[in-house]
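Here's a structure for you.
All chains are identified by letter, namely A, B, C and D, in their written order; residue positions are counted from 1 within each chain.
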Amino acid sequence: MDLTFSPADEAFRLTARKWLADNVPADRAPYEGQASRDFALAWLARCNEGGWAGIAWPEAYGGRGLPPERLVIWYEEYVRSRAPSVLDCTFVALNHAGPTLIACGNEEQKAFHLPRILSGNSVWCQGFSEPGSGSDLASLSTTAVIDGDELVVNGQKIWTSYADIADYQELLVRTEKGSKRHQGLSWVICDMKAPGITVRPIRNMAGVSHFAEVFYDDVRIPLTNVVGALNDGWRVAMTTLGFERKTAAIGLQLELSVRVEDLILLAQAQPGSAMAERLAELRAETAALRAMTYRTLFRQPATTFDGSLVRLRFAELSQAIHQIAMDILGPDGLVDSHWTHDYLEAYSETIAGGTAEIQRNIIAERILGLPRE
Amino acid sequence: MACDLNQNDEQRQILDAATALLEESFPVSRSLGDDQERIDKLAEFGAFALALDDDLGGTGFTLVEEVLLHVRFGRHIVPAGALAAPVAARIAAELGDNDLAREIATGQIAVSAGILAGDRLRTLDDTKAKLALVFDRRRLELVEIANADGETATGLGQGAELTEFPFVATTRIGASNSASILNVADLLVSAQLLGIAEAARDLAVSYAGMRRQFGKPIGAFQAIKHHCANMAISAEMLSAQLDMAAIAQRDSRDDAAFQTAAARLLAPRVALANARLCIQVHGGIGFSAEADAHRFLKQAHLLRQLGGGAAMLDLASPMAPHR
Amino acid sequence: MDLTFSPADEAFRLTARKWLADNVPADRAPYEGQASRDFALAWLARCNEGGWAGIAWPEAYGGRGLPPERLVIWYEEYVRSRAPSVLDCTFVALNHAGPTLIACGNEEQKAFHLPRILSGNSVWCQGFSEPGSGSDLASLSTTAVIDGDELVVNGQKIWTSYADIADYQELLVRTEKGSKRHQGLSWVICDMKAPGITVRPIRNMAGVSHFAEVFYDDVRIPLTNVVGALNDGWRVAMTTLGFERKTAAIGLQLELSVRVEDLILLAQAQPGSAMAERLAELRAETAALRAMTYRTLFRQPATTFDGSLVRLRFAELSQAIHQIAMDILGPDGLVDSHWTHDYLEAYSETIAGGTAEIQRNIIAERILGLPRE
Amino acid sequence: MACDLNQNDEQRQILDAATALLEESFPVSRSLGDDQERIDKLAEFGAFALALDDDLGGTGFTLVEEVLLHVRFGRHIVPAGALAAPVAARIAAELGDNDLAREIATGQIAVSAGILAGDRLRTLDDTKAKLALVFDRRRLELVEIANADGETATGLGQGAELTEFPFVATTRIGASNSASILNVADLLVSAQLLGIAEAARDLAVSYAGMRRQFGKPIGAFQAIKHHCANMAISAEMLSAQLDMAAIAQRDSRDDAAFQTAAARLLAPRVALANARLCIQVHGGIGFSAEADAHRFLKQAHLLRQLGGGAAMLDLASPMAPHR
């Protein structure tokens, strides 16, 4: 049981720290729209020039194939340098669509898309959730019918982040008529500029429109855009679960440590005060979240549901941290600031990607082996 | 007069009338701003004078009815000015300016609710008010802002419209730290927070009964059920305490300060907790600006800045053991 | 909406206060066994002599039929004088069995039992729960077969408080063979000295044996001991729900206020400290519990499930208060004291009489109208 | 040496061997008292010397293995003396008394864990120990109690056997406030608390899968499921942090004090929370003394009195932002 970084690792850390100090933009990222796209792509392009894009991707596909300890070092330095949040409009491409293509895409798909992603030239969004199937993903009903060498898609997706500024979408559709649940789905690359697509941005409670409803009205997608086999979309969609441990979510989890340090400085709480006690507990919990993150990364073999515990802990801790931020800010919390913004955004943490309730079910049933309902 | 916690006919009538007005004029999902016209309707209704002395426009109701009315206001996210007005009228009267008190109580002069942030006064509603009632810990100050240069700003993720004034640019009218006025202010704030908590509970229960996932209403799942039950327990707790405190203050009972402090301490916690659970029960739509869940959360954040801060442990409990 | 006590009420208060000051025993009640029985019956007898036993019972049955405001005054003064906890071995008789007999018993049953209860001459226990039906009471399976003018009972009850020192038991048995759930049950008076009864005390986690398993091996009970109609036991058992608002549980709920006042003195917390903040919150919550108690009592009409909210709030608040007591006591919490004892006993609050989980279901389904599972 | 959080073969072997011994000698449901013979078996096993220097009887293992071992101890509610011994041996060595250190490490001299209550020393186990290790905030003191007149008392509702000594009647041997020994003590306490949290989780899950109500296992109901999930999350959180801290302390990393303080702060909260949920999941039987649930709760109360108290906010975080 070790957490030992070699001299080479330490040198890598200093290189990363230096590069970040020289390159991290001084401005905060815009929250939405074209400005947020421009900012995120410019930052990704700069990272790519420095050799810091796709660090977890295999070298064969333009990445650096870094081992977990280097990922940890990179993201530690990343958040400590206050680099832009990893959860921007490049997140899906870098951490979900890209890895899925690497695992299941054909050579044409990979050759076309992967370089565009890494170089900061395309934005991807995810088209999984539907109005009637939020927590219950397998009940999705957007259909695709084969017509010649094309699929014709009709239906609706919702909660699609960055749909308004995305170039491509990883789209999960029902390609087998009458199929049930996980069967008969396909994972396809959808060009967001295709005729028949309508994007209706939805403003979230933080006042920002970065997700949207997407409507598909006879949208034609070439069959060559199917990733993996037709009707095998569920397996393709699940494929990245193994990769997920290695994604930029590490950076998201580590970022909370920096938040807590900032709050401790901001609060200047009297020793022994109620606020000091709450901050001490949050600091300990955030340290533990980091430890959980590393355990998920450095312990083998990983099980499919390993990430559920850390994911849920992250979500609830993030909310707790931002709630205390509002308590510390008092009247200043009412005025829009990054704290207030992040506080409001944090409400999505226990909802998006499976509600906290669903996550607890998964933990109870899949990890602890309790009977299904 | 005995022990009876039912609402009587008169109370039900005034509350029913108010609810009708609120449902027409203050739909929860209305957009921000332009509330002055609506506020004027509340003044016409007599909402701000309800419990004042007859010569100030009072209509014979008491603080208890006023508190119940503000629970309804909370359910409809009525701007905080509607809470500032009746408190400001009381302060004007205390200062001996009955004319001003009447003008405030009848809505001829509008009052904003404000808080201090450093050397700036921040009002929490965008009514074009002439006056602001400044909540400054255990002290309330009435100032004129009509001639001060205000800068508007949005807050809480486009969920609030604030106006900031250099506090020195305002004209001081007078202040109060009288226990009874502070208690009234704390009761009205608590009442509105209770309204939020109740409305959040009702919205969540209604959604849980309707929204289906996995082939049944999500309200059939224990996790959702228990969230709703928790909201109900919290709201009931605060509601009972608020009644207790309002009666104590109306009747000038010895424990009025204690009961009021307890209600005011619990109110923001209950309102925030229920608003949070309401968002969570709604899932994705709850996080969007399209459902009303977030509005309750934001109004709770605004209201909790107003008043409070009584030293709960320094007040004598009516249930202290003998000896 | 009023909470106004008349001059006569205030005089009643002073009378009660004076009587309590003169009569409350200086010693604490023993926790278990014959000593606890002797103590409780002596105290009840003394109350009865003073005219303070069965104050909510109708005058026709030896009570005082006091209206709710007088009950409140009595219990306020009761707990403020530090009188023995109302939850002793006389509780079932005074607050459950007695009221049930008053509502459903025949004249012989009433004439025999009610005076014995009030005068402190009989202890009752409750025989409802069974090993296989804790939360699911309707599934109970202890049977009673009619043989001549007797019932012959076989089966087992559990969690029967004070079974070891009780004279009588309110026993719920299945008298109709093959009946399901709430049908076919009967409510009978069981003499705890009848042959065939075996009581096995169960030590609880506070180290005290005040509940027990009770085994019935061909126990013969005269048919005249059936209360209400045969096979109508469920309705008889539910009959006291309406009375429950007026029971000594008021005293139990009010007692928490005194606990919190004691803790505030004990803690001597620095203003602004974490402990001071926790105590302030508990004090407010305890005030609110009192308000909820009064609302349940003084608001009409009562609904059947009115009490669920206050019952659950009481249970969880009681646990929170006693947990903080342990934090305040620190090392002294390890030594047996009434605080530690009550802390451990409080674990039963969210279990006995329907777990917190079941209570939440009831609140959600019966009060809020959410769909059944 | 790299980043690898798996247990290696050697670690698994020693833990398996310890578990076999614990299952035989320390069944959770054993009655109180008479633990000295069992404790001797642990000493024979080498448990107290595990991570000491070779010349003190160490067997080449490190603090990390010792911490993992104490997690197992926690699962079996091994008396706190088993935690006092290895810490006391380190203090003896620090005082330069290697003979004493060896005698403690090999179990020839037994050590109780003690705390101060006013002018009295209270030991938390009823081993007939010659010495006591006194946990006095950020200071540890080794005293001889063999000749002091102890009075036994039960505690925690017949859940603990305590002995009280007038502190002046004990013979002082020496004290330490060295950071590394304090960290070791905090880590071993945290480890035992984690063991409690894990065992409570496992016991609850096992019962929930077995106990039937309303025609199905109670573990099929979401409320019970979510209780169990919460226990799993808490235990995992503490477990990860404890590994992190043990490695940091073993490797003398800069963040050892920070990581240890974090683990020690979380440990009693997690252990108490899981023990409480374990009782609740068990229902009636959980409240009885017949199930083991309450034993975990009581041991958590005992252990949380030992050590701790590092000023979490005064320690530098390894994740502080640059600049």
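Simple rule for what comes next: a contact is a pair of C-beta atoms (placed from the backbone, for glycine too) under 8 Å apart; a residue touches a chain by one contact, two chains touch by 3 or more.
These numbers come from a predicted model, not from an experiment.
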item: Of all other chains, the one whose Cα centre sits farthest from chain B; value: D
item: Pair exhibiting more inter-chain C-beta contacts, B-D or B-C; value: B-C
item: Whole-Å gap separating chain B and chain D, where each centre is the average of the chain's CA atoms; value: 50
item: Averaged-CA centre spacing for the pair chain D and chain C, given as whole angstrom; value: 39
item: Residue list for chain C, restricted to those that touch at least two other chains; value: 276, 357, 360
item: Chain D: positions in contact with at least two other chains; value: 221-224, 226
item: Chain B - residues contacting chain C, complex; value: 1-8, 11, 64, 205, 208-209, 216-217, 219-222, 224-226, 228-230, 232-233, 236-238, 240-241, 243-244, 246-248, 251, 258-259, 261-263, 265-266, 269, 311-313, 317, 319-322
item: Chain D-touching residues of chain A, taken from the complex the two chains share; value: 1-6, 17, 21, 68-69, 72, 76, 79-82, 254, 257-258, 260-262, 264, 269, 271, 276, 279-281, 283-292, 294-295, 297-300, 309-310, 312-313, 357, 359-361, 363-365, 367-373
item: Touch list for chain D against partner chain C, complex; value: 115-117, 122, 124, 153-160, 162, 212-214, 221, 223-224, 276, 279-280, 283-284, 286-290, 293-294, 297, 301-302, 305
item: Chain C to chain A touching residues, read off their complex; value: 270, 272-274, 276-278
item: In the complex, chain B residues that touch chain D; value: 221-223, 226
